[in-house]
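All chains are identified by letter, namely A, B, C and D, in their written order; residue positions are counted from 1 within each chain.
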Amino acid sequence: MTVELQAAEIAAKLEAALPGCTIESSGNTIVIKDEFVLKAATFLKNTAGLDFNYLNFLTATDYQTYFEVIYDLVSLEHNHKLVLKVKLNNREKPELASVTGVWKGADFQEREIFDLFGINFTGHPNLKRIFLWEGFQGYPLRKDFKQ
Amino acid sequence: MALKTETFLVNAGPQHPSTHGVFRMRFILDGEVIQDVEPVFGYLHRGIEKLAEGLTYSQDMVFTDRLDYLASMTNNQAYAVAVEKLAGIQVPERAEYLRVIMAELMRISSHLMGVGFLTNDIGAFLTPLLYMYREREKILDLFDMVCGQRLTYNYMRIGGVSQDIPEEFLPALKKFIDTLPRFIQEYEQLLATNEILLVRTKNVGILTKEAAINYSTAGPVLRASGVKWDIRKAEPYSVYSRFNFEIPTGSKGDVYDRYRIKIEEMKQSIGIIKQAMEQLPQGEIQAKIPKVLRPPKGEAYGRIEGPKGELGFYLVSDGATNPYRLHIRPPSLLNLTPLRELVIGVKIADAMAIFGSIDICMGEVDR
Amino acid sequence: MPTVTHNILPTVLNTGILAPDWPAGFWSHMIIFVVILFLFVIFMAMGFIYFERRVISRFQIRIGPNRVGPFGLFQPVADVIKILIKEDIVPLNADKLIHLLAPVAAIVPAIMVFAVIPFQNGAALANLNIGILYIVAISSVSVVGMVMAGWGSNNKYALVSAMRVIAQVVSYEIPLALAIIGVILFAGTLSMNGIVLAQKIPYILLQPLGFLIYFLGSMAEINRTPFDLLEAEGEIVAGYNIEYSGFKFALFYLTEYTEAIAVSTIITTLYLSGWRGPFDSLPVLPVIWFLIKVFAVFALIIWVRATLPRLRIDQVMGFAWKCLLPLALINLLITGAQVVFWPNVSQWVFVGVNIVLAGLLIILFSRFFRTTGDKIEA
Amino acid sequence: MKLKNYGEGIAKGMAVTMKNAIRTPITTQYPEKKLHISRRTRGNQLVWDKDKCIACSMCARACPVQCITMATSRDENKKLKVDKMDYDAGVCIFCGLCVEACPQKCLYMDTDYEKAVYSRKKLNFTKEDILMTEKSKPSGYYSPENEAKLPKQTLLVDGKLWDK
């Protein structure tokens, strides 16, 4: 059975390694500041005992005032999971560091989020629209999208 | 003296016999050898995630059929599992067993298609594919009997299944399950030791264990690379903890392993269906749920092991009748991520074999 | 030469206006046979198309075309009509002349092969005394047409296909010709009819290895599964004829089946004792024996097509050079030794010896046939 | 010395294809021979029993693609009656949710599958077109009474390919 890790413990570990990165933690979810995302990802992947080597999925949600990017992390070795969340408050020009360097599986998913939410992943090797065509106006999964 | 040569660009797709739908690969070729490839998709994008936000939870079930249209039952199940997790619904036993039977039949059917199309991509002129279609046809007959459709089943409901099985279902299923191993044996004779198939698949498109994990691949692709990871064992949903079955894994992660995994999984699925038929209890098939479901505020991620890999639905509820956000974790899309690395440096023929072995369904990739 | 046709219409064209110094028998013989051959090729091609579709659908537990006419017999006719009324398209920027000439260049040599095929004793358009040499020379010329099509269509799939076909056919010519030499050594003649007459025992028994080499080589030559690389549907869509439609496509289609008929007839002649069979001194029976054997060979080709996947281009080439060529050379050596050193030994002894040797050699060579598929350095 | 790769696999495969070649083909010659389709089939139309309908519009609301348009009004007895019941089979995805939603069980799927027409406009049905008559063949989807009346489905697994 997959163990849902207590976020508070891991948040403490994260905080020790990267001071000031966590915003809150509850249940299996840690919310971190957006500028720390790459460092936190590297930390979670490479720290012994955590070994989150598998990015299960990566998606975003539009909460009208802010975007939330969700990283669902799993360790195939220890069979435990953790949800990492990032809040992006800048609706006009949302930007986030790409984690493709850590988990290559993020490649298409980041492109998908870029396509449908308009979140710009800096450092992504090939950030292009994935489903919609080049020149499509607007980002359909945003709540304020009008056809 | 070095000859001056030039690479050239070839578009394989969107209409191409072996791209399994409207997938497109832009190859940069140096003669026969692929220098670079850029997968292009989105031709089948229907915006299901957006559509779902405008419909109620029960209506969204209909659209899950249209994701991986070769495995609609498991899509139904994944969505139902996610909503039940979100709303905290307990599913009756009989419904769970029926779901398991349907999901395993679906897995067999999907794997048959996967292997069949792989052989077709390798160049066997439709024959293995048509033999496998025969078995798939029997499965579709069974599904048709239960839910009245052959492709878009829309069978499972939040908190159960839509209808109980008719009385002629179990005898027919038993007959099918009894005869299936014989036909699988026939496929083994036809393919497993065929020298041409061996030279075309062995050591082609090797995906190492580390790469398979790093690329977030799932299902048969991940297991073929030697990772023992199956949601049915890792996080047993439904009643899977009560069945006795193995997770077959490959050793090398080449095309041949991916093909073997599918055959082995079919054999395991037969075992699961047999056990489920024995244990199938009587009783309710539908939990009591309100006509208009309003799950509490919150979010949930429900996942199952679909035929092509981990299929999950991430749901956010704001307490209304419609989901606030529905995200699908599409195994087909994520399994495609390593395609570029696998394909660079091989010949066109191998590229098609590799692509075929990943076994994608465009309905799920593009959504 | 006791041909049937020699005696039909003996003096119809003996008017002296054609070519005064050639005997009238030549002209009557030639015109009648050319007409017969064309009809034979076209009807056989239709028959083969129908036969292949029906047989392959049986292998695939289907029924096959059965709507047009009794048992769907007129399906090829319907296909031909459909194909001929299609719009004729020449792609933009195509090399128009080459594009136009390619189907002609492909079909003419394919039909020319039939000139030396004996349908019964001596009944050939030209009973050349170097018949088999003529076939070896002419049968690979069709490739020029295919390469022209690949180049002239201005299509990359077609180009890849053309490159594949030229490499493949040139490689397979060599084991093919070497396998034929084995037959020639036993027969002691290059004439097709002479080879048939020499076959007291069908040469498939006397030359099992040679037959296998010739069969596989000719499958590659006519681009049938498992060597159908030039029209590999899953890879390069339809290959060289991807841009062709209408009548030009029909010619390519006809070429493909004409070559299949040619190979079936050649195999029948070389290895299955051609028109010979029980009661072959009766008037029409030899032709029937011949046709039965041709269809049997074609059924075998269909059977292989229905079963096997396709090889990759490097494996196809490797198979020709590393496996078939040495085998053909060894076969030639063995045959030569048998003919030279034991000319008086009964041929039935060689049947047993050669079958055993063929089995041993195949098993020996299978040791070298590795399952390789590593990435190729660009 | 282990013998392998000498063509044994190919020979085995060819034996399998030959074995299948002498089996009965599984195809059914469709227009002449018809299989019994599933008793619960969700065929290409709706069947609407006007007498039982209480004009609650549940079917129209349950439809995920809005292919049912229902307009109701109250008659002189203050009872709801159906003014308009349009059904667009060109949009319909045959999910059956409308049938399940009906509280009176007065809406059925059809068993017919030969409903091809030449223009999409002909797929816009009004209430007269989908009315239940003696001719209509409602399917057993969500309706055990109808299911009992229909013939049993022909199954490939039974080996019976068609009924004459």
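Everything that follows uses one rule, which is that contacts are C-beta pairs under 8 Å (C-beta built on N, C-alpha and C of every residue); 3 or more make two chains touch, one makes a residue touch a chain.
All values reported here derive from a predicted model rather than from experimental measurement.
Asks: Point out which chain occupies the most central position, where each centre is the mean of Cα atoms.
Replies: If one averages C-alpha positions chain by chain, the most central is B.
Asks: Could you quickly compare B-D and A-B and let me know which has more C-beta contacts?
Replies: Between the two chain pairs, B-D has more contacting C-beta pairs.
Asks: Taking each chain's centre as its mean C-alpha position, how far apart are subunit A and subunit D in Å?
Replies: Centre separation, subunit A to subunit D: 44 Å.
Asks: Could you tell me the distance, in whole angstrom, between the mean C-alpha positions of subunit A and subunit B?
Replies: Roughly 25 Å, centre to centre.
Asks: Could you put a whole-Å number on the gap between the CA centroids of subunit A and subunit C?
Replies: The mean C-alpha positions of subunit A and subunit C differ by 62 Å.
Asks: What are the residues of subunit A that contact at least two other chains?
Replies: Expected reply: no residues.
Asks: For subunit B, what residues touch not just one other chain but two or more?
Replies: In subunit B, residues 127, 131, 134, 190, 194-198 touch at least two other chains, as defined above.
Asks: Quick check: what residues of subunit C touch more than one other chain, meaning two or more?
Replies: Expected reply: 59-62, 306-308, 369, 371.
Asks: Any idea which subunit C residues touch subunit B in the complex?
Replies: So the residues of subunit C touching subunit B come out as 56, 59-62, 156-157, 160, 163-164, 225-226, 228-229, 232-237, 305-315, 369, 371-378.
Asks: For subunit B, which residues count as touching subunit C in their complex?
Replies: Residues 8-10, 16-18, 29-33, 35, 119-127, 130-131, 134, 190, 194-204, 254, 345-350, 352, 356 of subunit B touch subunit C in their complex.
Asks: Quick check: in the complex, which residue numbers of subunit D touch subunit C?
Replies: 3-7, 10, 13-14, 16-18, 20-21, 23-27, 29
Asks: Across the complex, what residues on subunit D touch subunit B?
Replies: Residue list for subunit D touching subunit B: 5, 7-10, 12-13, 15-17, 19-20, 26, 37-42, 62, 64, 93-97, 100, 109, 139-142, 147, 152-153, 155-158.
Asks: Applying the document's contact rule, which stretches of subunit C touch subunit D when the two form their complex?
Replies: Touch residues, subunit C against subunit D: 55, 57-63, 66, 303-304, 306-308, 362-363, 366-367, 369, 371.
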